[in-house]
Amino acid sequence: MTTETMPSAGAPTSSRPAPAWRHQHILDLDNFGRDEIEAVLDTADSMREILDRRIARVPALRGRTVVNLFYEPSTRTRASFELAGKALGADVISLTAAMSSVQKGESLIDTVRTLRAMRADVIVMRHSSAGAAYLAAEHTDASIINAGDGAHAHPTQALLDLYTMRQHFGDLAGKRVVMVGDISHSRVARSDMWGLTALGARVVVCGPPTLLPRGLRASERPAHAESALPPVTVETDIERAIEGAHIVMALRLQSERQQGGLLPSVGEYARRYQVTAQRLARAHPDHILMHPGPKNEGVEIAADVATGDRSIIEEQVTNGVAVRMALLYLLAGYAPGDVDGGSR
Amino acid sequence: MTTETMPSAGAPTSSRPAPAWRHQHILDLDNFGRDEIEAVLDTADSMREILDRRIARVPALRGRTVVNLFYEPSTRTRASFELAGKALGADVISLTAAMSSVQKGESLIDTVRTLRAMRADVIVMRHSSAGAAYLAAEHTDASIINAGDGAHAHPTQALLDLYTMRQHFGDLAGKRVVMVGDISHSRVARSDMWGLTALGARVVVCGPPTLLPRGLRASERPAHAESALPPVTVETDIERAIEGAHIVMALRLQSERQQGGLLPSVGEYARRYQVTAQRLARAHPDHILMHPGPKNEGVEIAADVATGDRSIIEEQVTNGVAVRMALLYLLAGYAPGDVDGGSR
Amino acid sequence: MTTETMPSAGAPTSSRPAPAWRHQHILDLDNFGRDEIEAVLDTADSMREILDRRIARVPALRGRTVVNLFYEPSTRTRASFELAGKALGADVISLTAAMSSVQKGESLIDTVRTLRAMRADVIVMRHSSAGAAYLAAEHTDASIINAGDGAHAHPTQALLDLYTMRQHFGDLAGKRVVMVGDISHSRVARSDMWGLTALGARVVVCGPPTLLPRGLRASERPAHAESALPPVTVETDIERAIEGAHIVMALRLQSERQQGGLLPSVGEYARRYQVTAQRLARAHPDHILMHPGPKNEGVEIAADVATGDRSIIEEQVTNGVAVRMALLYLLAGYAPGDVDGGSR
């Protein structure tokens, strides 16, 4: 008996009561409670186990359609969703601005409603404007997954970060997580802040003052009073930030920042904020090093540590597929938790 | 027993005699008789029923290859064919000018013959030149589906329009169908004219004189004597055109038209030819409102009626997948009519 | 019992001992022995037989992931790999520079390692720089297939050429193979030279002196002493080159060559080096005519011979799918030779 012939494929067999799952869309993590995040991560555990099989396929989403709708170029996020959908047996089609009429000014809402009329079950959307995924979600009953909206949010990246951290530390409560770099323009950092605070981690953000969000520049104190961000600690000195950190995450420096006048030079940035072996020596002995990719080695991260024994950057990538499988699975109406082993 | 294990999947069980199907290619509707159009629409009925299932997949085209060859950007038509092919179990690959060597001047005939040599069964082609699909069809024994050739023809859009109209009115004989807008440059309008007249509808085309085909500008009389178009009525006054209409179809206004000097301004066009609630009040009480998409709301169609209760624009999109499934099914050699329920 | 339900699908049943297969990557043919090339061609024979079935699919690679990573535009090679992968049941995803973040300067090594972390089994890569596939292969344990690296190598094209020649002549030992055109910039010619000499063919390369590789310009003598190319004969006179040839292969003339000052004019090139019926009259009576495509008819090849009865150019295209199926099959760990008939 094979995967393809199981009608009940994917039914959960977990004996502990499944937490409620109330999300139709994945727009950001600011409306996810601890239980909900853990439901995703538990489901991702099962998916990761499937990924590690010789034939990494289950038919839980057979007959479902996932559309990748990318208004910005992407290699890794698009590929990750495409592989996640296919691993679950969904049909996946990818539409990108470069090859579609979206470049002709077709409206976002019209496009999303059209794809839904074609029976798309899930629309994975990346767009350069903050809030684009929210606008889409208001106008369709397909599930929208925000795969990045401007500098605002990137919740699936945050969930894979949380999953990877949990793999290494178990409970994240009280763990010191330091994000270094261009916090201000990082949708990854913003979504990570929401997820990490929900799980009880202590979040420190570090970067040059010009690259910190406006509400965070008053140093060393919780910022939630002044901004739409959760309470985090701000530190412009990288040595102090990394001190005792369990998790250090370097963020990609966009070269546009220098051109925009926010940085004196890339070299100056690297000298003051690059994550190096010397600086990591101040971190907790069991620390791990993360990066959402793609990396600029020699800029925000030194080449030796990027591929060193504390780096789990490639593990993040693999986990990204598992976490996206989990989200597609949950949005399809399956309950969180273990995926039925009998479905193989 | 599942879909995948049915060897005879998709065999028709209809008891009424299947009309002959003699088309190897779908290039336009000017060579389709009433019986042939109805054979497509009857088959689309079965496909629409499949689309509405929870698992909308049948394996009728397993092992067949459909290639989307798009020399112009497209979101919806390409996605519609990709989903139609996958719903029938075909392998679908998409080649677009932006990502392929067609931009290096590789000849159309060479490309089509090459794809056929790779065992493509069906090549769905969009091209900016009128006649491109015909040229391709002369040089290959693969099936060519014209997904738009310049301003000439778009037969699959016309078939989905006919299917949607038939859903609402049954027999179209004697029904008044009004197309409003840039008739002259609309491949949709041309193919619709052929299909509608074959089914006995009364077709009225309406737009500014500069956007009417040359052979149609002599107003209010059948135009088939002077042009390669079927007999339709021409009306430059939108109020008179809509009077008593059962079906009103607004066509997309390409912004290039104004730049080309054919329109004084988009605002002027909207004032004189926009399909509005006030104008639709003159239509038949049971009228429906259609648009081939993508819409310019506020230009050729008012936003309130575009999403109002007479609009069946999203229904057209869903039906587009069903009609394309039907065409792929018929081109694969299956007989028209009901698809075997046992194939599920 | 159907294809999908066979757990042991694809196991070889050939009774003759399978030659060893030691390649993790396919980078060029300079490290392929005669036995290894024949192992690929024998396996391609089985794949070609599968391609000729009504349902040309076997599930040997179900659950495997093939990624097309194309930094240069391509229609035919990308489509060929996509179809080859799908015919074997693999999941295939295509990433091209036009639609991905590779255009943002993401490093090749980082991209390849990321795709591997996503569980890509095979990465098919085309890149404008010679050696790109080698660089990738050094940094991943995925299998890299070189689908063209600058002017350096294109081993899968060479293998399909060898397969097609063998179909027509059986043993290639002693056969005279003439390649005409821009030898210097042709990755196809280079890889063909390696494969043909391994199989014992006599290779003649012909073209204007400016389009011959530096090490080959000393005419009429083996060139292996001065260059990293196998021993071939150089001939600048096309009539002398074609004399008695069993196989004549015309190479595409890139229009950039004229702009680069290497050619006086395309017309002058065509007059002196176009493969014409008159020139082919000097070839062996049983000769065949080949071209790697896309052709410039009227430039390097006359239109009448390109589609004449000695042309097997479309056969090359079909065989390309079979050869790429064979390579994917072998890289997946299957033994060379016949594919199990029971897997159908």
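A, B and C are the chain letters, set down in written order, and residue numbers restart from 1 in every chain.
We take it that a residue touches a chain if its C-beta (ideal position, glycine included) is under 8 Å from a C-beta of that chain, and two chains touch if they have at least 3 such contacts.
This structure is a prediction, so every number in the text was calculated from the model and none was measured.
Using CA atoms for the superposition, what rotation angle relates subunit B to subunit C, in steps of 5 degrees?
Fitting subunit B to subunit C on C-alpha atoms yields 120 degrees.
More than half overlap in residue numbers between the two sides of the subunit A-subunit C interface, or less? Answer same or different.
At the contact between subunit A and subunit C, which are copies of one sequence, the residues are largely different (under half shared).
Can you compute the centre-to-centre distance for subunit A and subunit C, using the mean CA position of each chain? Integer Å is fine.
Taking the mean C-alpha position of each chain, the two centres sit 40 Å apart.
Give me the residues of subunit C that touch two or more other chains.
Answer for subunit C, listing residues that touch two or more other chains: 4-5, 98-99.
Help me check something: in the complex, which residues belonging to subunit C touch subunit A?
Contacts found on subunit C: 4-5, 7, 62-63, 65, 67, 91, 93, 95, 98-104, 106-107, 110-111, 113-119.
Going by the contact rule set out above, which residues of subunit C touch subunit B in the complex?
It comes out as residues 2, 4-5, 51, 53-57, 70, 73-76, 78-80, 82-83, 86, 96, 98-99, 293-295, 297, 314-315, 317-318, 320-321.
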